[in-house]
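Would you mind keeping the following structure in view while I ask a few things?
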Amino acid sequence: QERHAGHYLSKPYAVYRINATGGRMPYKQILTRRELLRDTDLSPRDLRRIDPTLGQTNNTPAVIVREDSVLVNLGVRIIICADHALILEPDTMASVNFLESWTQRVQAASMPGSNADGMEVLPFELVMVEAALQETCGQLENRLEHCTRRYRSLERKLQTGLERTTFEEMRFMKQAIVQLESHASAVRDELLETLDDEDDVERMTLSSKATGEAKEVEVEEVENLLEYYVQQTEAVHGATEALLENTRDLDESISVTLSARRLEVSKIELMLSIASFAAAIAAVVTGVFGMNLTSTFEASVVAFYLTTSLLVTGCVGISAWLYRLCRRRNIL
Amino acid sequence: QERHAGHYLSKPYAVYRINATGGRMPYKQILTRRELLRDTDLSPRDLRRIDPTLGQTNNTPAVIVREDSVLVNLGVRIIICADHALILEPDTMASVNFLESWTQRVQAASMPGSNADGMEVLPFELVMVEAALQETCGQLENRLEHCTRRYRSLERKLQTGLERTTFEEMRFMKQAIVQLESHASAVRDELLETLDDEDDVERMTLSSKATGEAKEVEVEEVENLLEYYVQQTEAVHGATEALLENTRDLDESISVTLSARRLEVSKIELMLSIASFAAAIAAVVTGVFGMNLTSTFEASVVAFYLTTSLLVTGCVGISAWLYRLCRRRNIL
Amino acid sequence: QERHAGHYLSKPYAVYRINATGGRMPYKQILTRRELLRDTDLSPRDLRRIDPTLGQTNNTPAVIVREDSVLVNLGVRIIICADHALILEPDTMASVNFLESWTQRVQAASMPGSNADGMEVLPFELVMVEAALQETCGQLENRLEHCTRRYRSLERKLQTGLERTTFEEMRFMKQAIVQLESHASAVRDELLETLDDEDDVERMTLSSKATGEAKEVEVEEVENLLEYYVQQTEAVHGATEALLENTRDLDESISVTLSARRLEVSKIELMLSIASFAAAIAAVVTGVFGMNLTSTFEASVVAFYLTTSLLVTGCVGISAWLYRLCRRRNIL
Amino acid sequence: QERHAGHYLSKPYAVYRINATGGRMPYKQILTRRELLRDTDLSPRDLRRIDPTLGQTNNTPAVIVREDSVLVNLGVRIIICADHALILEPDTMASVNFLESWTQRVQAASMPGSNADGMEVLPFELVMVEAALQETCGQLENRLEHCTRRYRSLERKLQTGLERTTFEEMRFMKQAIVQLESHASAVRDELLETLDDEDDVERMTLSSKATGEAKEVEVEEVENLLEYYVQQTEAVHGATEALLENTRDLDESISVTLSARRLEVSKIELMLSIASFAAAIAAVVTGVFGMNLTSTFEASVVAFYLTTSLLVTGCVGISAWLYRLCRRRNIL
Amino acid sequence: QERHAGHYLSKPYAVYRINATGGRMPYKQILTRRELLRDTDLSPRDLRRIDPTLGQTNNTPAVIVREDSVLVNLGVRIIICADHALILEPDTMASVNFLESWTQRVQAASMPGSNADGMEVLPFELVMVEAALQETCGQLENRLEHCTRRYRSLERKLQTGLERTTFEEMRFMKQAIVQLESHASAVRDELLETLDDEDDVERMTLSSKATGEAKEVEVEEVENLLEYYVQQTEAVHGATEALLENTRDLDESISVTLSARRLEVSKIELMLSIASFAAAIAAVVTGVFGMNLTSTFEASVVAFYLTTSLLVTGCVGISAWLYRLCRRRNIL
């Protein structure tokens, strides 16, 4: 209960370390804050921008290029240096997925004959950045697919009828799509921003010592890499926007359906009112002849059938007249 | 499925090349990204501003004047140099239309005696810019005409009666008009901005080597050209705004009609309630005389007709009294 | 149909020319764009700010002071130089009105003994500016008067009853008042801005060569002139705001009246429901005694009158009880 | 009718002049605009900021410190110089109140033995500033008290029942409170701003020639004076905000009361519908036995009482069953 | 009543003084404004930023680092110097709580063997800052707990049924949560801002004379301290946001429940209308046979039972038919 910052000085950070060389698999490490800063040559200010313990204050996507490191915060939080990388929060889903696909990739790369796709020529730091971007794009696509599936199922459900749970589902789905849309556009904007900052692009190849012509080729490579993932996120973003648009249309059409139904109900009620009114009039007439007073027609069979047929005719006539009146005034 | 940027390096761009001289028709070319940059002398940053593969991030109208080229992104995306022009996305409707009208124009110009309209004195780059502007204005006008036709048809439909599909149509039409309005004003603003930037106007005549007096004449020519299309887009924009205003009035008047109808319905229901209430009272009275108890008037014919006429009078009287009461309180 | 900017180069401008000296009446002139620029010594950029052919892009009130001219765009669009003035768009209502009042003024000034109001000492350019301001203020006041009359008539109409057309009228009137209010404040702000720019005030006396003390007197004169019309527009603006406030109150009070009426209706319907319910109970009782079964009271006259009076009492009693219940719960 | 700025040059300003010395009472003066500017050594620009004839364009609270004068616009508009002050708009309520309390203060100060509160040591200009601030604070407090009283009376009225006029009153009261709140905060912000501008604070003691230590004491005095009135206005502002909060709660609670009442009404109507339906069924049954056909039970007394009791039981039973059904579904 | 700033000069401030050394308990002091400024070496401007007498104008959380003092305004308002601290507003709950926990801490620290948590190495000013931060975090957590408890109780209440008081409670709870959320984020932002200002962090150790390496260690210590409390407030903030999200969901689900109930009610009313209409028809039929006219079936027992069974069948049939019709149109 007694809270104070005393213990904070030696706060431990659990990380996964990936070394650029040596072929060793990623392994877990526990570093104190100070050791982490020493190891990555970061200032406390920079570390704070991807420090997971500071909570939501730095949850927005970020690609930060520093003198000797690249900080990536795209679902996975990675500090990338020229010769090694540290994955913060090693136990989140994103980190585990990232590590898995990384391991597969390294194993594939170490197999002979895998040079076909030309990727092995990239320096370690760019490979790491690309791996993080792949992971992020994969996540975005998964979420998009999930949203699309929910949308389809909801659409099917709505064709059979409106239920109360459907509205709840609608609302949650819309929230999910809005979140996905804003996340995709945040990632894309962050990448575009990095791309527009010439210094960032130049410095991103941390291990490079190239100058002149060679430097230019390198820069072009980085630009290509970033542009490719801008396209990928943009594709997801565009699809999400289209989905959101569809959802809004669905929502709108539901509310139109509902109000049409209300109109229908009020029409039927009006018709019932008209018919009931006619019946009430008829009841009064029959009541009149049912009074134990002498109308002098008591014995007349003709009177009975005449009255009855007049009643039915009158009843139907009043109803029809009122119905037509309402139609003419455009309210039925 | 295995995604990475490796293949991106040699991404091919399909373009249509139009040469300023030589009279050859426009022909298709496939260029890699690098070849495209070399051919047009653009920096990657500039290319990115009209690169169609980057999706919606650069969909806003743009006229960008660079040292050796003019980038136009107005439905068609064209890179204009002093001696040739490249049309990106050669297979979109806009590009096909553009090429068609360009071909016709070139054929017309090559016929003898076609110098009458003084256009042949413009240098190649300005002719291209004007062609793009013509295409854009034509598109805007087509969309305006389409919207106007939809508005008219909807107006006619609404006079005969309100249906559920009409609301849907209303909504889609409004969206289309809003989009057209914002697009027209975006094009106009982009042109005005270019016009207000003296450097842009001066540099737009890429092939010019004129100075002094001659330069001034040239600049005036470019200003006139741009101003003319500002006027054209402004005309579309103004008409669209008027149309939007009309649509809003239509919308408003529909909702007034609907609420007037609701009022009508509630009035009729109130009147039916009043009449039914009077009938219920009458039914009770007839019921009283219908009881198998002895009222001592059983044999009285007078009583029958008196009661009946009193009943009818009372019924009508109560209804009339309540009706007048409601009228006096202004609720019928 | 074939649109291009070729013909734009020699676009003709119709203007009215007013010469400062020579006593000649204003006469119409057709100038090409180039002649207009030469005649007024304006740059194309400046002309664009009051060019009527550019549509809505420059419809806001403007008083622009340049080295050798004052551009006024206040309903009438005038280019004022030291020795002459050009009125653009000579055929609009505003221009015609302006010319008429100008002619009258000149005729009045040319009559002997008209120096009484001290206006003849103003140089030509200030006289023109003042004439334009007078015209604008006159227009604003006319519109204010028109709106006030509409408001009064609507207020009268609303006292007799609500009709559907009244709402439409209400809406259009509100729009007109809002537009007038924003226009009046735009004119006032433009004048205040000119007044706050010392350079503008100093340069406005185009023909002046005064310096030192004489210059100060001149500047004070211009300031007085502008301040006077700030007051005039502010007066209109204040009255419009008050009118708008009244309109909003009227609107509010209409909606309160409507909702009060709805409440009234629902109260009457509830009362009818109560009374109908009581009548239904009574109908059942009479029905019971009307059954062709033997109640053993068939011959009892007492039973008849007792039942009947009990029925009436019960009916009234149930109604009264329910009515009081509703009153106690505050819902009737 | 013929409007022009010619007469404006000699526009007269009515002011009250208060001299710092000489013991003469404030007296009325008519100054032309030019004389006013000479007398106070103000530029036209500065005068414009508190000129009452320019209407609403300068209605916001202002304390402006110039080289030789302090302009105060806080309800009263005063130009304060080192040796005299001019009150503009001498006939408004605020000015009359201000003059009255000023006269009383001077008379009190001139009586022997009145030095007790240490105020006579302030220089003339600060006494004037303080008098204006006192007047403003007094006004704010009066308005607050007035609003509080209205709020109390409305609260009492709402406990006895809702009437239509109450809503109108509610609305006007809310407007008044919002205006007071914004005015109080505007005065406070203006004072805080003056307080934060070191130059303003230093120059405010117009007559001072002090330097060094003595200057610092003076500055502290001015700061104390301003801070004191910041506190006063802040107190009013805080109370107004609390009142506004209460008003909003009252509003909210009224609307909750109304919707609860609506719910009540619909419940009672549903119950009436249920009971009426049961009565209708019973009426049919009695009608069946009332038919002039032979049921063979005509002579059975048992049948009569059995049927009657079954009817009553059935009627009550149906009602009760439906009532319970509605309760179980939570809609009664 | 006679208000003026004369007395303000010697306004007394009640404070609690805590000395860094000497072991004396905190004691109350009355200082004049001037004494307070002398004692803390603050400028009036700085004092104003935490002066409680200036009301709401400085109620936002603040940590201000000056040359010789740190001003903390986090619920408690403390002026911290290198050798003593003054707590303003000594009688508020926050100040009393703060002093209590401070006393306990000092007593604990003075006991032998309490050096275990390493806190005694901090200089006095940082101990004070930390104490204030602890107090603030404690308050935030208490409020969060209180809100959580209210939320839980409300959730339970809503499961049993909706009442009118529940809505009121809902509203107040929501307000409380929104306020807590904005306060927590304001505190966090203020701390992050201080953390991001290198000068602030360096100067915060007022008593330090360290340079070089030693200085760096000190700065790191301050950063750690601030970061720790950023985390604490962020934790509260995150939990509050989640709570707010839940509250909004609860709100939404209530409104869905209510509208579902309304739908239910209208369905039941429609069904009652249908059944009543059928009964009215039946009543007419029985009325017909109840007329005292001769139908020639008077003696027929078969007619009675036939009619009766037809009646029941017809009644049920009409109801069923209408019911099915409504179902088919999806409105029941």
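Letters A, B, C, D and E mark the chains in the order given here, with residues in each chain numbered from 1 onward.
Convention: contacts are C-beta pairs under 8 Å (C-beta built on N, C-alpha and C of every residue); 3 or more make two chains touch, one makes a residue touch a chain.
Computed from a prediction, not measured in an experiment: that's the story for all the values here.
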Given chain B and chain E, the chains that contact each of them: A
Required minimum of steps from chain B to chain C, each step between chains that touch: 1
Centroid distance [mean C-alpha coordinates] between chain D and chain C, Å: 28
Inter-chain centre distance, chain A versus chain C - centres from mean C-alpha coordinates, in Å: 45
Chain D: positions in contact with at least two other chains: 273, 276, 280, 283, 287, 290-292, 295
Touch-based graph of the chains, sorted into line, ring, star, complete or other: ring
Ring order of chains, beginning at chain A and proceeding to chain E: A, E, D, C, B
Touching residues on chain D, where the partner in the complex is chain E: 117-119, 130, 134, 137-138, 188, 192, 195-196, 220-221, 223-225, 227-232, 234-235, 237-238, 241, 252-253, 256, 260, 266, 270, 273-274, 276-277, 280-281, 283-284, 287-288, 290-296, 326, 329-331
In the complex with chain E, residue positions of chain A that touch it: 3-9, 33-34, 44-45, 48, 53-57, 161, 164, 167-168, 171, 261, 264-265, 268-269, 272-273, 275-276, 279-280, 282-283, 285-287, 289-292, 295, 297-301, 303-305, 307-308, 311, 315
